[in-house]
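Next up: some structures, all given as C-alpha cells.
Two complexes are shown next, each including subunit A; its partner changes from subunit B in the first to subunit C in the second.
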Partner chain A sequence: MPGVTAPTRRQVLSLYKQFIRNSNQFNNYNFREYFLSKTRNTFRENMNQEDPKVLVNLFKEAKNELGVLKRQSVISQMYTFDRLVVEPLQGRRN
Partner chain B sequence: MFRSVCRISPRIASSAYRAIMGRPVVAKTLAQRFYSANVSKDQVSQRVVDVIKAFDKNSPNIANKQISSDTQFHKDLGLDSLDTVELLVAIEEEFDIEIPDKVADDLRSVGETVDYIASNPDAN
Partner chain C sequence: MLKSTTIRSITRLSQLYNAPVTTYRACLASKRFYSPPAAGVKLDDNFSLETHTDIQAAAKAQASARASASGTTPDAVVASGSTAMSHAYQENTGFGTRPIYLDMQATTPTDPRVLDTMLKFYTGLYGNPHSNTHSYGWETNTAVENARAHVAKMINADPKEIIFTSGATESNNMVLKGVPRFYKKTKKHIITTRTEHKCVLEAARAMMKEGFEVTFLNVDDKGLVDLNELEKAIRPDTCLVSVMAVNNEIGVIQPIKEIGALCRKNKIYFHTDAAQAYGKIRMDVNEMNIDLLSISSHKIYGPKGIGAIYVRRRPRVRLEPLLSGGGQERGLRSGTLAPPLVAGFGEAARLMKKEFDSDQAHIKRLSDKLVKGLLSAEHTTLNGSPDHRYPGCINVSFAYVEGESLLMALRDIALSSGSACTSASLEPSYVLHALGKDDALAHSSIRFGIGRFSTEEEVDYVVKAVSDRVKFLRELSPLWEMVQEGIDLNSIKWSGH
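Right after this comes the complex of A and B.
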C-alpha cells in the first residue's frame, strides 16, 4: 500500500489514554480489571513494533476495539454491581 | 393601598441600592472566589503525591521513593511513556479535569504537573 503512514507517538499515547479512561469507567470490578490489564498487555506487547504496515493495522484494530469498549462501559454504568471482597471500600467514587 | 406601596418602594429600593453598591469590596472578593482556582498549590502537590504513591500497580517500589516537585516521571520514578499516561489519567480523575494531549506531552515532572493543575480553574 503506498502512502501508509504509521501513527505518531502522540496518536498512540492518546489512544492508550482513551482505553485506560474508558476501562476505568466500568462499574463491574472484573470487567474493569480485565480491560485495564488487556490494554496494558496489548500496548506493551507491541511497544517495539516498527513495521509501519503492522502498526497501521494494529492502530485500526485498536480503534475499532475502543468503540466496543466505549459502548460496553456505558452499558456497564446502567447496572449496579455489588462490591467484591477484594475491592477497597474507599478510594473509588462510584 | 397601592399608593402607599408606591410611596415606600423608592425608599426601599434606594436603601437596597446603597446596601449593594456601598460595599464594592465585598462584591469584588466574591467575584474572585468564583473565578480563581479553588485549591491551593500546597493542597494540589500533596494530592498529586498521594496519587503517585497509590500508583504502585505498575511499579511496586514507587511508594518508597522520595517525591519532590523536581521528581521526573521517567528519570526518577522509572515510568515509561505508557505508565506516565496512566498516572496522568489517575491525576485527572483525582482533580476532575482533562489534560489535553498537547499539554500532557510536556508534563515530565511532578512540579510541572502541579503548576498546570493549580493554574486550571476547573480543578477541584
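Right after this comes the complex of A and C.
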C-alpha cells in the first residue's frame, strides 16, 4: 500500500531543509522571518510525533505548504521593494 | 506578415538583453507544440523578472510636489525636515530605508498563502459563481462556498448565515440602515456608543434624518460601555443595539457576551462590528447571542475590497437590502461575487483559525515588550482599559509632545495617530475624547499595531526610536521645561484672555 507508510527520518529532514531554504528566499523581510520561525516551530512541535497516521497527514500537508512557499518566494523575488530600516543592506545572501 | 514583425521585435528585444536570438526562436517554436510542465519555470539567464518599486523615489516626488505647492525648492523641504530633526534621526547607514509597518489596525499585509489561493482565480478560474449552466461557474461556486464555510467556522456560525459584502463599512451600513427600515412601523429607536467606527456613527446619523431616534451611549474612562446605562437606554421600541467588539483606536474589548445576553432578554437585535475582532479574539455568535456581525477581510491578512456580514437565521433577523438587483446572497446583497477576493478571504479566515494560538502568543509577547518599553519613559500613558484589551492594538499618549510632529519625526516607522479615516484631518480623536481625554492628550496619542508578521527586531527598533525622539521633541518644548521645574500647568493663569 503506497502512501500509508510514515515518512522516513531522511525525508522529513530533507523537507525541513527545503522549507528553510525557500523561506530564506523571500525578498520581503517580514514574510521571510515569519516563515522561518513558523517552520522551526512547526517541525519542533511535531518532533516527537510517533503515530504513523498523523505523520502521513502532516507530511502531506507540509508538502502542499512547501509548494505554496516555493511559488510565493519566487513571486516575492519578482516584485521587490526597498529594504526595511531594520534590514542590513549587506551581509545577507540574496 | 504580423508574425514576422513580432519575431523581429523580439529579436530587437533580445539584443537588449544580449541573449542569442536562437533561444527565443526555439522557445517560440517549442511553445507552439506543447505547453511546458508547470513546475519547470525556466528563464533565460540574462533575463530578470524582477520589477523593483522604488519607495524613495515616491517620497522624493511627494516632497517636490509639496515644495512646488508652497513655492520652495524640494531640497529646502527635505533639508528643513532633516536639519531640524537631524539628531533625532538614527544614523543607520548600511540599512534599508523603507519604514517599519506598525499600523495593523488600518490594514494588514496580504499573507502569501492567501495570494497563492487567489492567483488561480485571476489566471484561469474566471467563471461567474452564479452561472450554473457550465463548469466555469461550478468551479468558482465551489470555491466561494468553501470560503464561506471557513469564514463561518471562525465564529461558530452556519455557512448559510454569512453574506459577502464589499467590506465592514458596507456591512455596518447594511445593518444600521436595513434592520430599522424593515421594522420601522413598530420600532423607532437605535442604541450605539460614542466610540464606534465612523461608518456606524454616520449611518446612525443618517437614520436620524429618516425619523429614527438614536442613543449614543457614553463610555467610561477605560473605554468600556456601562451595562446599567445600556439597560436604562433600552425602550420598548428599540430595534437594534450596535456595539463594536474591539475598538479600532484603543483596542478595548467590550463586554460582548453580557450585552448579547441583555439584548436577547429584551428581544432586541444585537449587532457587533467585529472588523478588528474577527479572528483576533475568540468569538462565538451562539454563546455571545450575537444576531449580526460585521467582518472585514483586509484586517485578517486577506485581500482588500471584501468583507462579510453574519445574519442570524434562527431566530431570523430580517433587514432591508441596500442594493436591489439579481438577488444574490439570499437577496440581501445583489451583485456578482468576486471569486478571487472571496477565496482569498476564506483562506485568510482559515489561517486565522489555524494559526490562532501561535499568532496570539506571538502578538502578546511583542505587545508586552512594546508597552513595557514605551511606558518606561515618564509622562506616557496607555489609553483604554489595560485588562480588557486586544494586545495587538496599543494606543499611547506622550504628554507635552504634539502627535503629528512626533509622527513626522518617526518617518521610518509607519504609524498613525488614530483611525486612518481621520488621519488626513488634524482633528483630535473622538474616541479619546469620549474617554474624557483633553484635546492636548488626544493630540499626542499614537496607535501601534502589531500583527502576525511583526518581528522582535522591529519592536526593539521602535521602542528605541520613539523614546529618543520623544525626548528630543520634549527638549524643544517650553511646556516640558516648566513641567521639569515642577510647575503645574493647570495652575497657570494664562494672561491675555
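Keep this in mind: the second predicted complex is superposed on the first by the 89 of 94 C-alpha atoms of A that agree within 3 Å, B and C clash if a C-alpha of one lies under 4 Å from a C-alpha of the other, contacts with A are read in each partner's own complex, and residues count from 1 in each chain.
One rule holds for everything that comes next: a residue touches a chain if its C-beta (ideal position, glycine included) is under 8 Å from a C-beta of that chain, and two chains touch if they have at least 3 such contacts.
What you see is a predicted model, and the numbers here were worked out from it, not measured in a lab.
Of the two partner chains placed by the overlay, only subunit B lies in contact with A:40; subunit C stays clear of it. When the two structures are aligned on the shared chain, A:53 is found in touch with neither subunit B nor subunit C.
For subunit A, the partner with contacts to more residues, out of subunit B and subunit C, is C. After overlaying the two complexes on the shared chain, residue contacts for A:84 are found with subunit C alone; subunit B is out of touch.
In the superposed pair of complexes, A:10 makes contact with subunit B only, with no contact to subunit C. In the superposition on chain A, contact of A:31 is made with subunit C only, not with subunit B. When the two complexes are overlaid on their common chain A, residue A:76 makes contact with subunit C while staying clear of subunit B. After overlaying the two complexes on the shared chain, residue contacts for A:63 are found with neither subunit B nor subunit C.
On subunit A, the surface touched by subunit B in one complex and the surface touched by subunit C in the other have no residue in common. Residue ranges of subunit A in contact with subunit C, taken from their complex: 26, 29-31, 33-34, 38, 41, 65, 68-69, 71-72, 74-90.
Across the interface of their complex, subunit A is touched by residues 54, 58, 81-82, 85-86, 88-89, 93, 101, 104-105 of subunit B. Against subunit A, the residues of subunit C that register as touching in their complex are 41, 49-56, 92, 94-101, 109, 112-113, 115-116, 358, 412-413, 452-455, 457-458, 461.
On the subunit A side of its complex with subunit B, the touching residues are 9-10, 13-14, 16-17, 20-21, 24, 40, 43-44, 47, 91.
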